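Below: the structure, in C-alpha cells.
To keep things simple, chains are lettered A, B, C and D as they appear, and every chain counts its residues starting from 1.
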Amino acid sequence: MTPEEQAFQDRVDRGEKIEPKEWMPEGYRKTLIRQIGQHAHSEIVGQLPEGNWITRAPTLERKAILLAKVQDEAGHGLYLYSAAETLGVSRDELTEKLHSGAMKYSSIFNYPTLTWADMGAVGWLVDGAAIMNQVPLQRTSYGPYSRAMIRICKEESFHQRQGYAIMMKMAEGTPAQKEMAQDALNRFWYPSLMMFGPSDAESVHSAQSIAWKIKINTNDELRQKFVDQTVPQAEYLGLSIPDDNLRWNEEKGGYDFSEPNWSEFFEVIKGNGPCNRERMNARVKAWDDGAWFREGLYAHAEKAAHRRAAATTAAE
Amino acid sequence: MTPEEQAFQDRVDRGEKIEPKEWMPEGYRKTLIRQIGQHAHSEIVGQLPEGNWITRAPTLERKAILLAKVQDEAGHGLYLYSAAETLGVSRDELTEKLHSGAMKYSSIFNYPTLTWADMGAVGWLVDGAAIMNQVPLQRTSYGPYSRAMIRICKEESFHQRQGYAIMMKMAEGTPAQKEMAQDALNRFWYPSLMMFGPSDAESVHSAQSIAWKIKINTNDELRQKFVDQTVPQAEYLGLSIPDDNLRWNEEKGGYDFSEPNWSEFFEVIKGNGPCNRERMNARVKAWDDGAWFREGLYAHAEKAAHRRAAATTAAE
Amino acid sequence: APAFFEWLCRMGDSALVLGHRVSEWCGHAPALEEDIAMANTALDLIGHTQMWLGLAGEVEDKGRDADALAYLRDALQFRNLLLCELPNGDMGVTIMRQFLFDARHYALLMRLTGSVSPRVAEIAAKAVKEASYHLERSSDLVVRLGDGTDESQRRMQAALGQLWPYVDEMFVADAVDEAVAKAGIAPDPSDLKAEWEETVRSVLAEAMLDMPGPAGFAQTGGVIGRHTEHLGYILAEMQFLQRAYPGARW
Amino acid sequence: APAFFEWLCRMGDSALVLGHRVSEWCGHAPALEEDIAMANTALDLIGHTQMWLGLAGEVEDKGRDADALAYLRDALQFRNLLLCELPNGDMGVTIMRQFLFDARHYALLMRLTGSVSPRVAEIAAKAVKEASYHLERSSDLVVRLGDGTDESQRRMQAALGQLWPYVDEMFVADAVDEAVAKAGIAPDPSDLKAEWEETVRSVLAEAMLDMPGPAGFAQTGGVIGRHTEHLGYILAEMQFLQRAYPGARW
C-alpha cells in the first residue's frame, strides 16, 4: 500500500465519506462505477417486469400505485447515474455498456411477471431483498453513493409494504387469487435468494470491497437475514415457502434453508434466463427508436444557446 | 364506331363471351381493368375489418367460420387478379396502384368494425350488397371475369348467410347483444347503401359500361333491390332500419328510403373516412415488410431454375 | 342516461384512456427523464379518472363506483375522445397528442373551477394544477422538437397532420354538452376553441410548425360511443382481471 | 388433474395458441398466397383445438366443453408449449416456428393414430393429414428462404437461433407424459426427438442453414402453466367476449 492509499484507507476506517473531487484508488473508483452502474441499470431494466402489468392493473388505485412505483424506479436510476457521473463516467457511456452486454443488471429482472400476484411478490421479495442489500450501503464510504442510498431506501421500503399489501389481498382472496399468490412465491423465492449473489467464499472481490466499505456485509449474512425476515411474513400470509428443507435452527437463531440452483443463476447471468433477450431488446429498441428525439432536443439546446449568445453580443 | 368496334358490340349484344386473346376496344379493356382491379383490391383490403375480430371471436366455431371467410376473401382476390392479368396487367402493377392511391377499393372497408355484431352486419349487409352487385356480373361479357364472378358469388352467398346467422344470435341474445346488433345495423346501413355508388344520373361511365355488359344494372336499381330484400330481414331480426323515411310504396312495389349522405361518401373516397389511413398503412406495411420474403422466394426460384438447366446440360 | 352522468363519463373516460396510452411508454421511453414524466402524466390522469368516474357513480346512484365504470363497461359505453385512444406511434405522435389534448384540457378545467357544481369545481381545482404542468411540458417539447433537427421537425409536422382530423371532436357540442352548459356545470365545448387555437397557434409558431387548415372531415363519435378499432384492444387488456375474476378484491 | 385430461389440454392449448398467433397474420402477410395459407393453417389448428379440448372436457366430465376450456381458463391453467406463444416476429420467425412445431406435430400425430384410445386415434387420423401438409409447406418455405437471398438466409438463421432454446420443451417428459405413455395413449415425447431431429437436420441442410447445437439452458414450463409474459396478452384478447358477457350465446 502506498502512503496515499494508506491515508485513504484510514479515512474510510474512520468512517469519513469520500467525496467526488478527492483522491481515491483507481480500483475503488472502478469498483464503485461497476457497482453503482449495475444498480442503476437494474432500476431501469426493473421497470419492465412491473411495467408489464400497468395496463392490466385490476383497479384504478392499484394502477396508480404501480405507476408511482415504476416512476420511482426510473427516479432511482437517475440518482444512481448521477452518483456514477461524479466518478467520471457519463450516463450515456454506462447505457452503452448496458446495451452491449459489457455491464450487467440484476438477474432477477430476467424472470417474467406472469400474474398480478407477481406485482405483490416483486414488491415483497425482490424489493425486500434489494433493501436488505441497500440499507447497509447507506453507510458506504463514497458520499454521493451513500446519499443516493439513503434516499432510495426510504422509497423502497414503501414499495415493499405495498407489495406485501398486494400479497395479503391475494392470499386472503378467492381460491384462484390464493393460488396465484402461492405460485408467485414459488417462482420468485429462489431467484430472490440469488439476488444476494453466490456465497462470498466464491467471490474474489468481496474482501477488498468490504475493506473499502463499498460492501458492508457478506452475501451469506444478508441472505440469512432475508430468509429470517421473510419466512414469518409468508406464514402470516398463509403461504408456503417452496423449500422442504426449511426449518428453524435454534442454535444459530435463524432458518436453515436450501441453496438456490446456482447453475441456473450463472445461466441467467450468461444471458440464458427466460427474459434476458426480451429485456435487452426492449431497452435497446427504446434507445434506438428514441435517437431522433434526443438529437432533436440536443439540436434545439444548441440553437437556443447560439441565439442567446448572439443576443448578448448584439446587446453589448 | 369502326367496323371492328361494331363487330365487337354485336358479339356482346348476342351474349357471346369475349376471351383474353380476342380483339377488344381499348376503352373496354381499361374499364375492365379498373373495375376488376378495384374489386380485387376490395377483397384484399376487406380482409382487414373482419380480420380485426379473428383473435377475439367469441367461440372456437365462430373463429373457424371467420377464418374461413377471410381466407375466401383472399382467394377471391386471387381469382380477380388472375382475371385482370388476362387483360395484360400484372398483380404487382395493380398492387402498386392500390398503394399509391391511383386505384381505389370499396369505401365500405374504411369503416371500423367495433363489436362482434359487426361481423354479422358485414356479412349480412356488406356481403349482401356485394352479391347484389355481383350476381348480374356473372353474365358480364368478359369471359374470365364472368367465370370468376360465378365462383365468387357461390361463396359470397354462403358468407351472407353466416353473417345473418351471427345477427340472429345477437338479436335474440342478451340485451347487451341486441344493443350491439342494433348499433351495428345503425352504423352499416348507409355505408351499405353507398356501395352501389351514386345515382347513375350522376355517373358518366355507366351508359357505355352497360352497353358493353360490364355493368348490367343501374346503381339505383340495385340499391332499390337491396333495400327491398333487406328490410324484411331486419324486421325478422327485430331490428330497426335507421331511417325515419322508410316506408313501403305500394305503387312502385318497393320501399321508399332516405338517400345516404353523399358528401360523406365523397369524403371517404377522398381518403377522409374513419379508417382509410389505417387500411392503407396496414397494406403498405405488409407489402414493404414482406419485400425480403418475396425476394427470397424469387431468388430461390432463379437458383433452382439455373440448377435444373445446368443439370439438363450436363445430362445431354 | 342523464346528461350530467354522461358528461362526467366523458371527462373520466378521456383521462382513463389517455392515461392508459401514456402508461404504455413506461420503461420504453427514449430518455430516463421521459420515462419519469410519462409515468407522472399517466398517474395524474388516472387520479383524475378516479375523481370524475367516482362522481359519475355517485350521480348515477346505481351502486357503480369508479372501478366498476372503468372496468365493467364495453367500448360502446365508453365516452372518451377519439384522440385519446389513438395509438402512441412514435414519441412525436405521443407528445403532439398530449399537447393538443392538454391545451384544451387546461382551458376546460380552468372554466370548470367556476362550475355551479361544487364537486366539479373542486375536482377541477385539483386537476388544473396538474393539467397546467402537463401543458407546460408538452408545449415545451413541441417547441424543442419542432425547432430541433430536420428529422424531429418532420416527425412533429407529420404527427400534427395525422392527429388533426381528431381535434374538432373536442369542440363539438351535442345535447349532453348543451344540457350541462345550460345548467352552469360546464362550458359549451365550442367556447373553448378560441383559447385553444390561440395556445396551439403560438406554440406551433414557436416550434416552426405549420398549423393545418380546418380538417375537411372531422373524425368524431368517441363521446357517444362510436370509437376507432383501437379501443376494444385497450379495454380487453385493461379490464382482463376484473372480467376474469368477477367480484374478487385486489 | 388426471394425466389424460392434462395431456389433452396440452394438445389442445398448443393448437389453440399457435392458431391464434398464425391468425394474427390474416390480411398482413407479404403475399396473397401467404394470407391464404396462414388463414388455412390457423383454421386447421382451431379445428384441432375443438377436437382435443372437446375430448378433454368429456374426459374431465365436469360440464366444460371446448369453448369453456379455451375461453375460461387463465394463463396458469394453460398447457401449451412456450414455442406456440412466442410473438410472430417477421415471417422468418413465424415460418421457422411453424416448421419446428410441424416436424414434431407430424411425428406425434403419426404415433397417435395407433393410440389405445380410439378417440385419440380418431382425432389424430384427421389431424395428421393437415399436419402433414403444414410440414410440407413450412419445410418448403424454410428451404426456399434459407437458400434464397443473403438477407432471407440471414433472417432464417436468426429466427432459428432465437427459437432454438424453446425446442427442448417438445421432448421433455414429465409425470403426465409418463402416465399417458404407460397407458398406451401417447408416445413418450422423448421418443419423438430422433425423428424430429432427422427431419430438421435434412431440411436445414437443404436450406443451407446451420443447425444449432444443444440449447444450453432450455426454456420450459409451458406445459405445466409457467409461461412467457406473452400469453397473458393473448388470452386477454382471445377471451374478452366470453369474459365480458358471461353466459351469452354467440
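By definition in this document, a residue touches a chain if its C-beta (ideal position, glycine included) is under 8 Å from a C-beta of that chain, and two chains touch if they have at least 3 such contacts.
Not measured: the values here are computed from a predicted model.
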Steps needed, at fewest, to go from chain A to chain B via touching chains: 2
Contact-graph separation of chain C and chain D, given in steps at minimum: 1
Which of A-D and A-C has more C-beta pairs touching across its chains: A-C
Inter-centroid spacing, chain D versus chain B (mean Cα positions, whole Å): 34
Sites on chain A at which at least two other chains make contact: 56, 176
Sites on chain C at which at least two other chains make contact: 74, 232, 236-237, 240
Graph class of chain-chain contacts, one of line, ring, star, complete, other: other
Which chain pairs touch, all of them: A-C, A-D, B-C, B-D, C-D
Residues of chain C defined as touching chain D within the complex: 74, 232-233, 235-237, 239-240, 243-244, 246
Complex interface listing, chain B residues touching chain D: 44, 47-48, 51, 54-64, 67-68, 70-71, 74-75, 77-78, 81, 91, 116, 166, 169-170, 173-174, 176-177, 282, 285-287, 289-301, 303
Of all residues in chain C, those that touch chain B in their complex: 74-76, 162, 165, 216-217, 219, 226-229, 231-232, 236
Of all residues in chain D, those that touch chain B in their complex: 16, 20, 23-24, 26-36, 39-40, 42-43, 46-47, 49-50, 53, 66-67, 70-71, 90-92, 143-145, 147-149, 151-153, 155, 234, 237-238, 240-242, 245, 247-250
Residue ranges of chain B touching chain C (in the complex, touch as defined): 49, 52, 56, 112-115, 176, 179-180, 183, 187, 264, 267, 270, 272-275, 277-278
